[in-house]
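Letters A, B, C and D mark the chains as written, and numbering starts fresh at 1 in each.
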Amino acid sequence: MKYIDLRSDTVTLPTQEMREAMYKAEVGDDVYGEEPTVRKLEEMAAEMLGKEAAMLVTSGTQGNQVSIMTHTHPGEEIIVEENCHIITYEVGGVGYLAGVQTKALKSNKGVLNPADVEKAIRPKDIHYPVTSLICLENTHNRAGGTVTPIEIMKEIYEIAQKHNIPVHLDGARIFNAATYLKVDVREIAKYADSVMFCLSKGLCAPIGSVVVGTKDFIEKARKYRKMLGGGMRQAGFIAAAGIVALEKMTKRLQEDHDNARFLAEGLKNIPGINLDLETVQTNIVMTDISGTGMTGKELSLRLKEHGILINDGNDFAVRFVTHYYISKKEIEKTLDAIEKIVRQF
Amino acid sequence: MKYIDLRSDTVTLPTQEMREAMYKAEVGDDVYGEEPTVRKLEEMAAEMLGKEAAMLVTSGTQGNQVSIMTHTHPGEEIIVEENCHIITYEVGGVGYLAGVQTKALKSNKGVLNPADVEKAIRPKDIHYPVTSLICLENTHNRAGGTVTPIEIMKEIYEIAQKHNIPVHLDGARIFNAATYLKVDVREIAKYADSVMFCLSKGLCAPIGSVVVGTKDFIEKARKYRKMLGGGMRQAGFIAAAGIVALEKMTKRLQEDHDNARFLAEGLKNIPGINLDLETVQTNIVMTDISGTGMTGKELSLRLKEHGILINDGNDFAVRFVTHYYISKKEIEKTLDAIEKIVRQF
Amino acid sequence: MKYIDLRSDTVTLPTQEMREAMYKAEVGDDVYGEEPTVRKLEEMAAEMLGKEAAMLVTSGTQGNQVSIMTHTHPGEEIIVEENCHIITYEVGGVGYLAGVQTKALKSNKGVLNPADVEKAIRPKDIHYPVTSLICLENTHNRAGGTVTPIEIMKEIYEIAQKHNIPVHLDGARIFNAATYLKVDVREIAKYADSVMFCLSKGLCAPIGSVVVGTKDFIEKARKYRKMLGGGMRQAGFIAAAGIVALEKMTKRLQEDHDNARFLAEGLKNIPGINLDLETVQTNIVMTDISGTGMTGKELSLRLKEHGILINDGNDFAVRFVTHYYISKKEIEKTLDAIEKIVRQF
Amino acid sequence: MKYIDLRSDTVTLPTQEMREAMYKAEVGDDVYGEEPTVRKLEEMAAEMLGKEAAMLVTSGTQGNQVSIMTHTHPGEEIIVEENCHIITYEVGGVGYLAGVQTKALKSNKGVLNPADVEKAIRPKDIHYPVTSLICLENTHNRAGGTVTPIEIMKEIYEIAQKHNIPVHLDGARIFNAATYLKVDVREIAKYADSVMFCLSKGLCAPIGSVVVGTKDFIEKARKYRKMLGGGMRQAGFIAAAGIVALEKMTKRLQEDHDNARFLAEGLKNIPGINLDLETVQTNIVMTDISGTGMTGKELSLRLKEHGILINDGNDFAVRFVTHYYISKKEIEKTLDAIEKIVRQF
């Protein structure tokens, strides 16, 4: 049975075109620097993001962690948003791998206040760790796919430069942000020293993320990637699908956003379901279903019987994610099913 | 010139009785387990705090960090108050040494909300670090020497036990807390698995803090202390002063609290100085002098000319700390001087 | 131009059958535990090695490092052979990631002396790190693909068990060892608590290695793999090639060994080239070409003109590796070319 | 009962003059930079060793570990002698704290071969950790207090400089080395970028070691010392004894060496006791008593009945250490006792 899978955009399977690209991929030994397809992907990624160099990694977590390791030294402190992916979903890697402390700031729906960032930078004092990195996340996953505006990116980047502190952008879904902002992705990337973005998720590649930055940064980062075991041999298969992702899938994300909007508006009309339409900017819809009397778990079990999968988060917070394999028609089906379930409960 | 030194209780010099105890101290090689004076101090400390065992360390930072290292494994997460000493003044040791991530919670004047603590404990999930320690601070330094009530300690400890998570108490000034609460210090210590407290600060010993806990915990902690270089040979000199601190100085702290109160009430009457009398519970007075038009730095420079030292913190937040070497008369002098300075500014 | 590539067995490209398996691979989201092909590979690997559970990793380095992280705690010590892959080629990960010290032992052509291992285990003492892991490597890469006999594996394992210390086997080329020893690979694996082996290298898969061990061990290891960024989504493409590697390629390695032997005997007859035939047990031939007056770099440049690639190691030590894409005829060509080059030099 | 304590020079108690210096010590708050006695000790130490700056630490372990942390980054590799104090007795701190791998070299009685050091420096390669520190130990404890000659120090230092790698000297007993070499201690220290030496051990101070180096190095090191908890408040008491140690005790070490020599020659004449007189250069005598039929443990138990303490090492290796509290007469008594015990066994 084929489910309508709204759990995450990570569930996306590769397209037929990707499978074919993988099948025909010209490959070599990447550790010997002889991987033509990986090289092509990395050059394409650097070019698209407007950076000097790029490096393929096996996951967003690896991309973020290697970037933090490369920018910082153990015993330093990094500034992060309090619900960011880096400290929420990366298994405590920040402490284990980079050995840095985190200064976690509150945000307004995923958007940091530049003044808070500046205030969080530590003055020089023997008691204090040195603040050595600012991490942003755009779009912001746990805030519901919200977008940090260009002006805020710019303002934070200028503060960072004034204090000689690099900025790393967790841009797992940066193409969704660019689509929402109707700008070239470079306009976002230019306000960060390093950017990680995912080929999987909304772009549908089966595996892989990319880190971009200066040549020096990427050269240092390659060594940390090797240490974490991310140095692969014939990685061209992964890169081949990634090239299709970059060429084809980055341009169609508005459709997912439209579907998310359509879903959000429909859900808002169902009694007992609450959501903040203002945060529905990209492909994620965060809802509070407490008014229905059901927990997320209960709703997800009932929806499964209708052939629909959702993440059964904690309590009453339910997240829906649209992607390439979700059509408007399937959204309609989903709304119908939820309405029925809620009515009958 | 002898200054009225209100910067901190760390500036306290040892008493004459301490000097004599050090002079006559019977010493041996502590690494060989042959230090009679260290052993005596450790037994006394364990007994006073109601724990099985104790270990002398060279500083509060060492005591806290060794405790965290002993309770946790790298890659885990610890729950802390957002302005606690451990993440503010310990040079980022939590990331460098223990390799743990921090979940920093807001508090009400240094007092954590037990419900927030429980909510911060991570469920089991491959993406999440394991929550492996809860850290409390009583009295709370940056909140102004505020005291966490026994019932709150108890409530948090019960939550911790329910989740099988140990509690570490940064009790640098635990004797001030006990004095304020009018309880034996054991009544506080019993709601923590390990406690660090300082022999220096208000107790006037020149060097040293103590960690207490179970025998097993202390045995493991000794190994980490040795690794950090805290294993000393003839440490009996330090212990000798510490024994005087525990016997004599723990009983006289009400005097410091009375002086702090007297100072706080006087300061509150000076135009332009603001403070929250409710937080003046022990020997620390936190003020906001922005109404005077002076920064802390400006006030501290002017007070120095009157023979008075205060910490020139950032901006307008000025901290005063009372201790053994500050008499009521010196508080009066200080109030006179500040009043004059403010009036003339 | 197609080179005769004797640099390493990592240069092997996937077979046509692997490409087809990848093309048709049924994939899902491995982080949701929904990857049928990864699951199949992991079950097959566990079964073949005789262990409870298995985990796909992106490289041998990741497999070794995750295993060490899982077996040990920072501040402990592990026993290794002084030229093993773990401390030679894994970017210092042992210190950075696991935070353990290494006790490096000399060996006899890659084979450790059990008595040395036992002597290296630390007694309990507050000054000493705890010995918490013994690492073996079979076949041993830098010793020239040499095989540790079953009896030695067993003897070391019994010592380890006596002292309650786990054994990790870097079995990157364990199927070569089993082929040489004419035993089922389980007969080797049973003398280790965890084993890492590679699907790439001689088995020709494009990417991937596998760690096997107890269920508990693998469950813990999965969390560390996720932290290092080795948790992938639709990893079934990698697994699909790996299944072919396990089913087909593990049985044909004698051919590579025969070719290596043939190459070694030929090289030995060339004046100026020295090698120890006793160490030519599997698919690696280590030579000393100092007698030819050429450095490795010089020889490799000349061989390249003949369409032959070799690793230009340091100085005069030259390594040749045979694999699936090297036929006996190509060995003959190589010998002819070298003989000619040496004669003309 | 007062024992003749030959276990170590760490057992030395402070002299009466030290006690008096401590009693009268002028102290202040070192974290505020107001410790006159600590400042005096640090200036004296820097001056004596010929370095720009110095820092008091609580132990040799802390001095060595902070130095390694300051010179290196995690993931790098350091070159050490295989039996040096740093990897033998410092609780695995090198992995836990600095996160570096060790390349351990064999030596000739504690003296490294400069050619081996140069060969151990890693070339640049993505697989390799960067070699970032060379550690020496002079005198070498486990080799029996042996001295590395000036020319060897110089040769290694020149290799290090050629490769831009700093040298750290564990000079716990550097004054013993200088005494043996009949040179000013600066002549040794100048061939290292940082030196740690102990005030305790042969110099009899109760607590404390010192690290010397450039101003920049010491400034960075102070931050790591604070992180490890080595930042103390009224540390002048420790420093006061240290000043006496430097002024008085550094000049009398020849006496301890003469006593060690006298002891060694006597022991050599006892049947069943073997030792290498060539290694008896300073205040340590390493013996092999296997010829007596007794283990070290057995001999130590018997000697204790005669009022003599020795370290009961493993098996048959027995170490004797002379110091300020051991006179020639006590050596005679010791020799008599051992002779008697051996004869009667």
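Following the convention adopted for this analysis, contacts are C-beta pairs under 8 Å (C-beta built on N, C-alpha and C of every residue); 3 or more make two chains touch, one makes a residue touch a chain.
Given the structure is predicted, the values throughout are model-derived calculations rather than measurements.
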item: Lowest number of touching-chain links that must be crossed from chain B to chain C; value: 1
item: Farthest-lying chain, centroid of Cα atoms versus that of chain D; value: A
item: Contact-richer chain pair [A-D vs A-B]; value: A-B
item: Inter-centroid spacing, chain B versus chain A (mean Cα positions, whole Å); value: 41
item: Inter-centroid spacing, chain D versus chain B (mean Cα positions, whole Å); value: 35
item: Between chain A and chain D, centroid-to-centroid distance (C-alpha), Å; value: 53
item: Touching two or more other chains - residues of chain B; value: 31, 74-75, 90-93, 96, 99, 126-127, 223-224, 226-227, 231
item: Residue numbers on chain C that touch chain B, as the complex places them; value: 31, 73-75, 99, 126-127, 222-224, 226-227, 231
item: Contacting residues of chain C [partner chain A, same complex]; value: 7-8, 10-11, 13-14, 19-20, 22-23, 27-29, 31-32, 57-63, 65-66, 90-93, 96-97, 200, 206-207, 223-224, 226-238
item: Contact set on chain B toward chain A in their complex; value: 74-77, 87-96, 98-102, 104, 123, 126-130, 314
